[in-house]
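Notes follow the structure.
So that you can tell them apart, the chains are marked A, B, C and D in the order they are listed, and the count of residues begins at 1 in each.
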Amino acid sequence: MRESRQPARPDLSHEIEVVPPFFDIDSMDIVWHGHYVKYLELARCALLEKFDYGYTRMRESGYAWPVVDLRLKYVRPATFNQPLAVRAEIVEWENRLKFEYVIRDKATGGKVHTAMSIQVAVDMATREMQYVCPRVLWERLGVAP
Amino acid sequence: MRESRQPARPDLSHEIEVVPPFFDIDSMDIVWHGHYVKYLELARCALLEKFDYGYTRMRESGYAWPVVDLRLKYVRPATFNQPLAVRAEIVEWENRLKFEYVIRDKATGGKVHTAMSIQVAVDMATREMQYVCPRVLWERLGVAP
Amino acid sequence: MRESRQPARPDLSHEIEVVPPFFDIDSMDIVWHGHYVKYLELARCALLEKFDYGYTRMRESGYAWPVVDLRLKYVRPATFNQPLAVRAEIVEWENRLKFEYVIRDKATGGKVHTAMSIQVAVDMATREMQYVCPRVLWERLGVAP
Amino acid sequence: MRESRQPARPDLSHEIEVVPPFFDIDSMDIVWHGHYVKYLELARCALLEKFDYGYTRMRESGYAWPVVDLRLKYVRPATFNQPLAVRAEIVEWENRLKFEYVIRDKATGGKVHTAMSIQVAVDMATREMQYVCPRVLWERLGVAP
């Protein structure tokens, strides 16, 4: 069958735990909404490190990957010391690098937050934005464009 | 004519200046993307203060207004000490409070960032989300629902 | 001998790992000096949790413990993704709660940072600062005043 | 008299206003203690800009000035939207750059916070710490070593 000859698509997801620290809690006793951007970045960076394409490797490859689009949906407030599972997954890699995220309460599995981010490659030498992702990304992720 | 008898819709916008401090600059020498959430909040809070409905008044009115949706578009990177004009405008107030934002370079007027946020009212006594904005919001803004 | 009858003083120290995230790195490619206050708080909170006197328990006990004095010495810069061992130890508990901290590079053991903090108890009902630490602290830590 | 012939020592102080934003307020309804490091940096940077030796000029001069020592005393908690006067003054410039800071409530003049910081010059080419401040600092400040 055709499918059996195709290389299996790798698992492009990763999950980390985040426990909101005291300094992320606002005067309503919940995580201030801006801090979720940090939790997402922690999961995204951990995923990219897993594929040996973290920030240090990105630089070495000659590309910066600025975030150009970010959408955040707050389903339920998170509180101090509440263990959260932050899951990131790469869902596009051809022309831009798109991640989707789900944050859940670790104990109940209840959804706390969803998000997506889009990054584009910028050639660090010419400062030009790339309209197709560079080959190094596909090689590291083990995907075909 | 009918329109002439209607009260003029108030200007529901406000602009502040933000100058990115050193501690907001990342190792790519640009403002880290998560810090924009702070700049937006500064403009939103200043606008609401202008209408005497800042955080302190919100609490007094018995409602919290958590952000439930946030979208950020990064048009051009901002750098250290670059004066930015952050403009916020209320574009919905009936069932939810929706803001749109534009951040521009103060010197050139060039667009740096656009964003939108949605907040909903939560009754602080019952913890129930309100599907219609409370009257106090409309009174402060000088708008009809 | 007298010492053998005395209860052994408990180990009032705790060590955590902190790996500086991208958003803590400044444009000099090192951890911005203000972020160390977060790393210290993470270790202090983890230590207090170990003795069942974390922030939640503090509140329940009727006392807030604001930091009133903080000293930070920067021995060597820390960088992105560098695993750090952050060690906190309680060194005073009679009239005030004093912590000392050492941050080391996990790989080499080289000293990166030292610090100390002083907190005092404030009765949350009367808002009065306490000049002697409340009994609840000693009970949780297992120490005599 | 001798003193009259000496050049007047320049005023090496500067004061800025800081209004704590919502995202700096913790769940005790006060400014989280770590955020003061930002307020101090804002005042220090503004002072150095006044003498045309801000971060950009520092880099151009070939020196980085990392903070190596920081002491913070919390006199009284600051709250949301409370206008604060943050005053910084250079008190040493021979071998190291030392600032002293006082933060006061703008309305009452009541002391909220005091601090001091020490920076040393590092030659960015050789990465060597300088045990005497570079001449460029004295020239900008208009002081003699």
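The working rule: contacts are C-beta pairs under 8 Å (C-beta built on N, C-alpha and C of every residue); 3 or more make two chains touch, one makes a residue touch a chain.
Small disclaimer: the values here were computed from a predicted structure and weren't measured.
Visitor: Among the chains here, which has the CA centroid at the largest distance from chain C's centroid?
Guide: Farthest by centroid: B.
Visitor: Is the C-beta contact count larger for B-C or for C-D?
Guide: Counting C-beta pairs in contact, C-D comes out ahead.
Visitor: Using mean CA coordinates as chain centres, what's the gap between chain B and chain D in Å?
Guide: Centres of chain B and chain D (C-alpha means) sit 32 Å apart.
Visitor: Just give me the whole-number Å value for how far the CA centre of chain B lies from that of chain C.
Guide: 37
Visitor: Just the number, please: Cα centre separation of chain C and chain D in whole Å.
Guide: Roughly 26 Å, centre to centre.
Visitor: Two-or-more-chain contact residues of chain D, please, as numbers and ranges.
Guide: In chain D, 22-23, 34, 38, 41, 80 touch at least two other chains.
Visitor: Where on chain C is chain B touching in the complex?
Guide: Spelled out, the residues of chain C in touch with chain B are 22-23, 25-27, 29, 32, 34, 80.
Visitor: Which residues, counting only chain B, touch chain A once they are in their complex?
Guide: So the residues of chain B in touch with chain A come to 28, 30, 33-34, 37-38, 41, 64, 66-74, 77.
Visitor: Under the touch definition given earlier, write down the residues of chain A that touch chain C in their complex.
Guide: Those in contact with chain C are residues 21-23, 38, 41-42, 45, 54-56, 80-81.
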